[in-house]
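Labels run A, B and C following the written order; every chain starts at residue 1.
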Amino acid sequence: MDYGRILQIIFTGCITGGLYALVAVGLNLIYGTMRLLNIAHGEVIMVGAYIAYWCFTLYGVNPFLSLLLSGLVTSFLGLIICKIIFLPMIQTGKSEETIQSNSLLLFFAISIILTNVATLLWSADIRGYSYMTKVVQISTVPVMLNRLSAFLVALVVSIITYLLIQKTMLGKAIRALIQERTAAKLVGINSNRLYLFSFVIAFGIAGLSGALLSMIYEISPFMGMPYTITAFVVIVLGGLGNIMGSLIGGFIFGLVETIGISVTSPGLQSIISYGIFIAVILIRPKGIFGRGL
Amino acid sequence: MISSRKKKYIPAIGIPALLIFLSILPFFVTDYIVSLLLDILTWVALTESWIILSGFTGYISLGHSAFFGIGAYVMAISWMSLPYPLIILISATSSMALAFAIGFPVLRVRGPYFVILTLGLSEFAKYIFINYEVNVKGTVGRILLGVPPIKTLYFSLLVIAFFTILCAYLIQRSRFGYGLFSIREDEDAAESLGIDTGIFKWLAFGISAFFPGAVGSVMALRRTYIDPYSVFDPIVSFQIIVMAFLGGMGKLHGPVLGACILTLISEFLWARYPHYYMIILGVVLVVIVKYLPSGILEIVGKLETAIRFLRTRMGCIF
Amino acid sequence: MHFLECRKVTKHFGGLTALMEVNLHVNEGEIVGLIGANGAGKTTLFNLISGVYPPSSGAIRFDGQDISGLKTHDICRKGLVRTFQIVKPFGNMTVLENVIVGELFGVHRDKTLVKAREDAIKTLEFTGLYEKRDTLGKELTIADRKRLEVARSLATNPRLLLLDEVLAGLTSTETAEAMKLLKKIRDEMGLTIFMVEHVMKAVMGLSDRIIVLHNGEKIAEGTAEEVAENPVVIEAYLGEKIKT
């Protein structure tokens, strides 16, 4: 295996990883603050992807602009879903396990609804568009410009998210809520408002990642589930609720997956992905940065 | 008010009567009605078998369709090589064997993580089959020719559904059932009272996998064309859950009710508006989980209580 | 040879040592109290004895058999059963059904359902829950839930009962009733009781012997009077002399 090929794998892995890191952040926020596993996460990404696709193919809007639009639309979706469905449920005072199981079913239902709405609106065909497909050379490795740009945007958004979480008061409150829910409430943190906020941000970032992904990959109403699975693996690897951890975990998983595919074959990507997912749940590691299942 | 003694006779007479009725019916109605009933029986069997695991132990599985898919594939592979009833038996047994094989590690995972694990496992199975079919066999789907007439399929499913309900019924009234319910209510407490929760969950898992395997094998013949996408479809698992929640998981006839209602709704919607059907199902599930966790039977139960209350108040007017 | 014996039992959780070389024993027919501040390691000890997790080192012997590392359900079948600090009733099952579970899966494992039901009724009568037999677990008051927890454990036909703060949260009337029941269990059924308690008056009044844990170590042992006078115990836990 020559040097160039290895470098290419690493590049591809990093780009994929960067995107995965962003994809995972949303799931981690909702899990960390509310202990809910959003299995509709991939479908929210899908919605973001379709919005960007729509804007580009119908109105010729620059996908980088529709990033914002996707993010806004999905944020709004998150707002509605959280307020109407989940906040009332958390407040019923049922046991944690009941709320978690019920939420899973609710998210499952939402994912089915979103998938079918998308199919109704845009048909089940796989769609895609070409944007920025010029190829540039980074040292000896050819990289498509759209991938590079997507990676850079993902990086920027990840850094912004990281700064938000680490440096702002809001971020501190969210971290407090993640680490110690009861105590956080006792010191006056308005948990309901923060739940809503995390939900909205999580959905927003998911929509944004969807828009980024639409620049590079083909999209379909059924593209969501694999991303949900990936996001889940990443957040377990990085430590549940650990935002920084999942950013790094995303990179690692992206690299591992890319290497795995290059060693075996692209057709096995799903099997590898789900295989890792299953292994991760069965073995339930504490994650690389602590805090396991 | 029915006295409790009379209550015992109703199922004793009612069920054989129902069975006889269902056995004679196909000869007096159109094939369309037979296939509709066949669908209902399919979902009844699938949902009841799901209840044996998820209803009784509380371990909610989103991957029940995997066993259905395995049954379908066993049939697709062995059709024409072996006698029909034998294949059904082998499908069911293979499905059960797989469940037993993976059961122990899988069931050690608790709560919501078990739920998503089952989803992951089902998808994993799907992609393994896709990969095998595409890479080893060349084409994704399989065709089954020379399938039995619809009445044969109907009677097969009638038998399968009957045994599924019978199995669930027997478990519910047995020592084993007590153990399963205890696990659902509080697994740690159950363990502390001497119940080997690991084995009990494992058994429930395996038993619950037997019947969908059988159902899958018959359905493969009905559809005459199968591929991994359709037989391992999460929609199958999804519909099972909606039916179970709709009908209520407390009583055995809950799933029957749920299956009937949903099959009839889908009959009207599926052919022309499958996506609307799915969306409606999604909304139904959301509503039920939020407001009616015990299913429609909860409403029926509340109505019954209300009526009884009114009766005692009104005295002899009723 | 003692009925229940812990020999140099130690438990580490990662870097934290919850129990350090604890030696204690319980004799058959005794009521022994286990007291100590929160975090002293009492529930950890109970979890070790009942098989929730194995000790890091040391041995636990029950009726001459080594039970360290056995699973909880196996330990229950040998006649050692525990109740939980936060009660765990089977909420959607009736009181009777709750106790039937105990009858079916305890020491005697081949009862028919009919026999289990009969035995359960006797257990309910013994523990004063017969009138509430058709009430659902989740509809019970806290005092009745505690009573149910005890009844359910009794149904398994144990010889040693581990009670984890069974008196917590009870009013003084309820506490007095519970104490009567516990004495009855020891006197009429010949059971041995090993109980963790914070309600000082009760544990001092009931116990033949008291063991005191502090920071994972046993710091004192003796009758209620001896323990109450013990300066080490007073400093660590009691704060001031308790009138026994």
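Quick note on the criterion: contacts are C-beta pairs under 8 Å (C-beta built on N, C-alpha and C of every residue); 3 or more make two chains touch, one makes a residue touch a chain.
Predicted, not measured: the structure shown is a model, and the values here were computed from it.
The most centrally placed chain, judged by C-alpha centroids, is B. In this assembly, A is the chain whose CA centroid lies farthest from the centroid of chain C. Taking each chain's centre as the mean of its C-alpha atoms, chain A lies 33 Å from chain B. Each chain gets a centre from the mean of its Cα atoms; for chain B and chain C, those two points are 42 Å apart.
Averaged Cα coordinates give chain A a centre that lies 48 Å from the centre of chain C. Touching chain A in their complex are the following residues of chain B: 60, 62, 105-106, 108-109, 111-113, 115-117, 119-121, 123-124, 127-128, 130-131, 134-135, 234-235, 238, 241, 245, 275-276, 278-279, 281-283, 285-286, 289-290, 293. On the side of chain C, the complex with chain B involves touching residues 50, 71-73, 76-77, 81-82, 84, 88-93, 97, 100-102, 104-107, 109, 113, 116, 137, 152-153, 155-156.
The touching residues of chain B, counted against chain C in their complex, run 173-175, 178-179, 181-182, 185-186, 188-197.
Residue ranges on chain A touching chain B, taken from their complex, read 37, 39, 85, 88-89, 97, 100-106, 108-110, 112-113, 115-117, 119-120, 225, 229, 232, 267-268, 270-271, 274-275, 277-278, 281-282, 284, 293.
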